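First chain A sits with chain B, and in the next complex the same chain sits with chain C.
After this line comes the complex of A and B, so read on.
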């Protein structure tokens, strides 16, 4: 491993601190958590999302089916003389958790994530899969076990899904080398998370981009 | 590095068919001319009465990624990052297993659904948006 990519735990924590500083400025919800017994820590973010239910209108003619949030403004009632009865089914709140930990073996950050319903039922990988952006699905479907695996969270000891870090160096190296070439330091965590986050439904607001790099 | 004197070429629509072209692209050399079926000549992409101004995008390669011979493109505001990635991948003739990332500020990858117009408003300068692209294999 080249010196350039060396990324120790201290460096990891420093970048996380800078990342969280910006997160606080924009209310993006990231926090730092430490484990009780040692100096290890990780970044985490929890957010809740309403998985929309399906509104089905029962008509005499062709059914008008749409998926939308069950709010007044979102409903589009078809205008006709038929009696319309509507039922809303299956709208649920899902809790997403994203954790950024440091991997000693790979010496890179790793993204752990899980999703569950409010009653604690976890989402299965196939449900999470539906949330993955189309553009990643074809590539990842080829060998999903190399990309998303289920592992025990190193600090919490609970099962999480993990985006495998084996290729992290490969896509981060050109970005790092480029930053050195132009004499700009980058926040490794911001750059890395901007790449891997969208794969699992985590999109970073654009304002992070301004903090991602600065002139040295 | 001198900029190419050519005027900005129009990005073809997403449904442009793949054209013919040499198959070998090595990192050190510039890519060949775009396929003729891609309809990249200026003006052909403007629908009648369209007042939407296109964004001038300058694409720069990072690392060992092949350099596009045509770097300046006029892109619709609503074109997404993913659309741009698909276009560059086709242009560079990358295989499906290779991934391409686009960065603003040479360090931050916008989400796939982010629109070029928004990126221009946030990061554009001198009338254009500079985007860096990088080929890699991120997983699998």
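After this line comes the complex of A and C, so read on.
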């Protein structure tokens, strides 16, 4: 309703538009989507990754194992990840989705993400973390639930993991102050996403930064 | 599961509403399982009808909210079917642990405070205060909970209320899970905004036109507050433990 803060929804949409413009130039896959009633929009990107020999935490006894040991004991086999991976899983294609929405409560952008197999089975947070860079893992593992929670997507209603936005202002304020000091405008979305993205496996090509600093 | 909400007359003054009872009964989250709701209808007088309403419903919603939204016109006790297998992973939030529930609850409380106080009150609290809030809720300890929660319900003397009101409006007829927007409790001229003002602004289809027929019920905690009730008062007194006003808009029952 009221935008007395620096980062209102219109500002959010403007930065997203600039971001997507560059994304189209380099084929980075970001798109803009609007809600059915068109009152709000968000950015989204989907990509697929092949994970060879995936160890999946919720894989139960597989069909292959059952045919090998056609006895009742097969059902009581303890889950042996290594064995299952070797013989049955092979390569799996995983679909990653990232959505950037605006939070009117915190007046900052928020990153929603989820990952699933092609048949729709979602990945547990634990499995997604395996794709995260080592340097972020320590902090995540110590207080995982403080930073990432599972929430309903405010527009789609489906469960997504969310990087909690309560600390966003903390790390973005120095960035904004500095850009004012050196009199160079920045794209808030580019700067913010370059910080939070890698934490959950989303990387931004450097060309975004060059573009952002050119748009005066 | 027997759910027996108390239904006092629409409140205006605090003495009309037995808040402790309301909170005691309806605040519990329906964690940790998901359930498809098959309910026995019967409000129309056509005998009992059974069927599923919509799809599986989120177990992280407070059970009182689910009742208002889905079953408020059903006969009590409210029969629900709880499924332990085939969890609909794609549609519902999983609930792997108590820590996850606590984190979800606290993130709602923090978001509410971001709206009410720019997060100042919640950030000034120590971790043990956050813990006390959660433990008070878990253990049904009204005093323990409110010792901390009352700080979240305060506002500076020079203001007439919170900065923005934390609310979510739910309707079963929309794809969007809820409506949540920025809305101030006090107008520019100092007048207190009412529940009716809120609905007109963010959900106009819910409010009947001046001379029109009432098509919907606007429910909080199983009661229909008068639309003239100040929103600030509702936020202070009828919020759920997560500090949000969870408002259900349901079709007017046709009996």
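Rule of thumb we're sticking to: the second predicted complex is superposed on the first by the 171 of 216 C-alpha atoms of A that agree within 3 Å, B and C clash if a C-alpha of one lies under 4 Å from a C-alpha of the other, contacts with A are read in each partner's own complex, and residues count from 1 in each chain.
Simple rule for what comes next: contacts are C-beta pairs under 8 Å (C-beta built on N, C-alpha and C of every residue); 3 or more make two chains touch, one makes a residue touch a chain.
Please read all numbers here as calculations on a predicted model, not as lab measurements.
Colleague: Given the alignment on chain A, is it a clash or a fit between chain B and chain C?
Modeller: Result for chain B and chain C: fit.
Colleague: Examine A:174 and indicate which partner it touches, taking first as chain B and second as chain C; both and neither are also allowed.
Modeller: first
Colleague: After the superposition on A, what does A:25 contact: first (chain B), second (chain C), both or neither?
Modeller: In the superposition, A:25 touches no partner, neither chain B nor chain C.
Colleague: Chain B or chain C: which reaches more residues on chain A?
Modeller: B
Colleague: Report for A:164: first if it touches chain B alone, second if chain C alone, otherwise both or neither.
Modeller: Both partners, chain B and chain C.
Colleague: Taking the superposition on A as described, I'd like to know which of chain B and chain C A:152 touches: first, second, both or neither.
Modeller: So A:152 only meets chain C here.
Colleague: Just checking: does A:186 make contact with chain B only, chain C only, both, or neither of them? Give me first, second, both or neither.
Modeller: first
Colleague: Which partner does A:196 contact after superposing on A: first (chain B), second (chain C), both, neither?
Modeller: The answer is first: A:196 touches chain B but not chain C.
Colleague: Look across chain B and chain C in the superposition and give the shortest C-alpha distance you find, in Å.
Modeller: 12
Colleague: Do chain B and chain C touch any of the same residues on chain A, and if so, which?
Modeller: 146, 164, 166
Colleague: So in the complex, the part of chain B that touches chain A is made up of which residues?
Modeller: Result: residues 62-65, 82, 85-86, 96-97, 99, 101, 103-114, 118-119, 122-123, 132, 134, 136-140 of chain B touch chain A.
Colleague: Would you mind writing out the residues of chain C in touch with chain A in their complex?
Modeller: Residue positions touching the partner: 58, 89-94, 96, 99-100, 102-104, 107, 110-111, 114-115, 119, 164, 166, 175-178, 180-184, 201.
Colleague: Touching chain C in the complex: which residues of chain A?
Modeller: Counting only chain A, the residues touching chain C are 1-2, 35-37, 104-106, 116, 120-122, 124, 145-146, 149-155, 157-159, 164, 166.
Colleague: Sort out for me which residues of chain A touch chain B in the complex.
Modeller: My answer: residues 133, 135, 138-140, 142-143, 146-147, 163-164, 166-168, 170-171, 173-175, 177-179, 182, 184, 186-187, 190-191, 194-199, 203-204, 206, 208-210, 212-213.
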